[in-house]
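Let me give you the structure first, and then I'll get to my questions.
Every chain is named by a letter (A, B and C) in the order it is written, and numbering of its residues begins at 1.
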């Protein structure tokens, strides 16, 4: 394969994982905007999506669409339970205790998954065949197309929801100013719950569509979650276009780094980028710095 | 002693302060007044180094302290208190004041960890001085109480004691009488008088006009981020522009 | 002050006496790890409990200490004590360099950044196979020795490591009760007010981060020379979380609390051997429940609970009387 074909190949696979990172990043951004909490358990929603659809498909023997729907619903239920049991009861919590509690939640979910389904890695079948498709000398799998398609649909629906529905607008109002939102009669606590619903559903979907390519296990949530966070940070923790670009950028850099430099250090690339962004431009790559009032 | 020159502070298009110049005389009590949103607290935040100011200069004597962060101002003798008192809530009252003596001691991590003799001597002096300032502000009997559990009025006194422990040349007080009852306010007026007698220059932002007119030598009036007037309490009371601003006709 | 000294002397006495009661055996081996974990928990507590700055990557400094010592002695044949000095410097210098940009961050951002740092270091341990031996590990690390005494048994290592642990505890207690300790707690409660009082918050946070890394690296070096074998798995994200759990259980800002947390979290899994895989679930539950119901940690929470119960009893008695 010639170099330009190789690079095209890296770009395609980079876009595909990047789309996943963007979806996970959205989940971080949505919860952050509603609560100013960084939900360390976000990656576990992604893991649950993959593991639960494997469970419904291969253990319960349901057809794929039913398994996917059930997996998303079950993950969302976990998201709701987490918000109700661990986040809502906290009043005036410091950022430190919020960090600790969401970490606690994440290792609890991970540990329980391991106890129930073991430490094995599981494969999920592709949604429609696994014949590679040739694009200008590079190949792409049908599953990659599913990833692109579903990601685009989710992003569009997300955009419509936040821009046009009453609930979506109310959530944006909460993100801008919680107190003002509650003064005009928006039920802030319900919006926080919604943010957990949406981001756990989105996260689980991301986990489901990537599982046929990368396999799934009880511990995939840590890495996927952190990389989603990285995408969200590049995008300035907005649930808009910045996070999509952040995800794609991260995916492509990772795939180029793995292909051209070293595959062993592939995972380190995301974290080096994360640290650099946090050090140099903590407001994200695509946002102007606000002159903050103390 | 403290001189402001053309202070301008812009937040994302909003001009919180515009071209404010003013001089505080050494040994005086100066009041900064003005309607809500006039920029009084912003002015304090600029002087005490919490905001990076957009343009202008701040001088202490003839030395510029423009843009100095608070930790650099403290050793020069510039200290402040906060409108919503900022205590170290989990520490005792005595420990709070001992932090005020941070700049009066030099022991580093190693001296502290190994309890070197110099550090022990320092620690004893810090404790004595801290008690002195607690007595000065009249809360000596509360030394062992956890600061977070103090009633508001006592908390305010603790904040002042902590600031005084720094042995400052100038103390900026942001609404020291807010939330105090009339007896506490009278006590505060007495305390501020004693602070001046100790040779410390006082600048205060205050809404309690009676207090300001009573104790201040000079007054600076701000309105909508600009200097509206300056002068003695009597001059200010008779200034038509000030009266207009306060009656809402400005 | 007198009470502090008595408390510490009782602890030191306990440390001396325990091996005589156990007469060697398996538990001695566990107690060696309790000592190392106590050093780490106390070190993290200086940062997390006193200065209020979270680190989710502290296993990295532990690992750097361990691998520096291991590689310098096993591969390059350096004297273990010299290796320990180099290891301690390496951890401190890294913390100092990274500390300035990283401690500018607050709350969640700081947590994520330290986590990222930890994972990068962990990946390097795995991938730099030439140096670290990669996932299959690094072996042949010599024991420490003083004169003719080689620290090659559990009992000898116990005294060696608890010597270091007691020193760590004593120095940390001194620090906690000094102007530095007060300044750190002041930063925790109100950084702005601390700065107004002349505390250079930024520099002090970095220095305490470096101190914490220094202690962690020394603990790492001790670990390397006690185990004589290292593999990256001991220095991953899970261990960083375990350290945070120790500090939180014991009580943020309490040195003896960290000792307590380290003892509990090191002994508990050993006692629950049959539940091997449950430990991670238990940590998760502990973190959530402690943060929700006992944010002061066991050291403060249990006396408060006893106080509340006895107060209720007292009231009840009065009503009936």
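Going forward, a contact is a pair of C-beta atoms (placed from the backbone, for glycine too) under 8 Å apart; a residue touches a chain by one contact, two chains touch by 3 or more.
Quantities reported herein were computed from a predicted structural model and do not represent experimental measurements.
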Which chain has its Cα centroid closest to the overall Cα centroid? C
Find the chain most remote from chain B, comparing centres computed as mean CA coordinates. A
With chain centres defined as C-alpha means, what is the inter-centre distance between chain A and chain C in Å? 32
Taking each chain's mean CA coordinate, chain A and chain B are separated, in whole Å, by 48
When the C-alpha atoms of chain B and chain C are each averaged to a single point, how far apart are the two points in Å? 40
For chain B, residues contacting two or more additional chains: 50
Which positions in chain C are in touch with at least two other chains? 192
Expected list for chain A, residues touching two or more other chains, is 294
Tell me, which parts of chain B touch chain C in their complex? 48, 50, 69-71, 73-75, 79-80, 82, 86-91, 95, 98-103, 105, 107-109, 112-115, 119, 122-123, 126, 162-163, 166
Flag every residue of chain C that touches chain B in the complex, lowest number first. 171-172, 174-175, 178-183, 185-186, 188-190, 192-201, 207-208, 211, 253
What residues of chain C sit close enough to touch chain A in their complex? 48, 52, 54, 56, 101-102, 104-109, 111-113, 115-117, 119-120, 123-124, 126-127, 192, 237-238, 241, 244, 248, 277-278, 280-281, 283-288, 291-292, 295
Provide the residue numbers of chain A that touch chain C in the complex, in ascending order. 37-38, 40, 86, 89-90, 93, 95-101, 103-112, 114-115, 222, 226, 229, 233, 262, 264-265, 267-268, 271-272, 274-275, 278-279, 282, 294
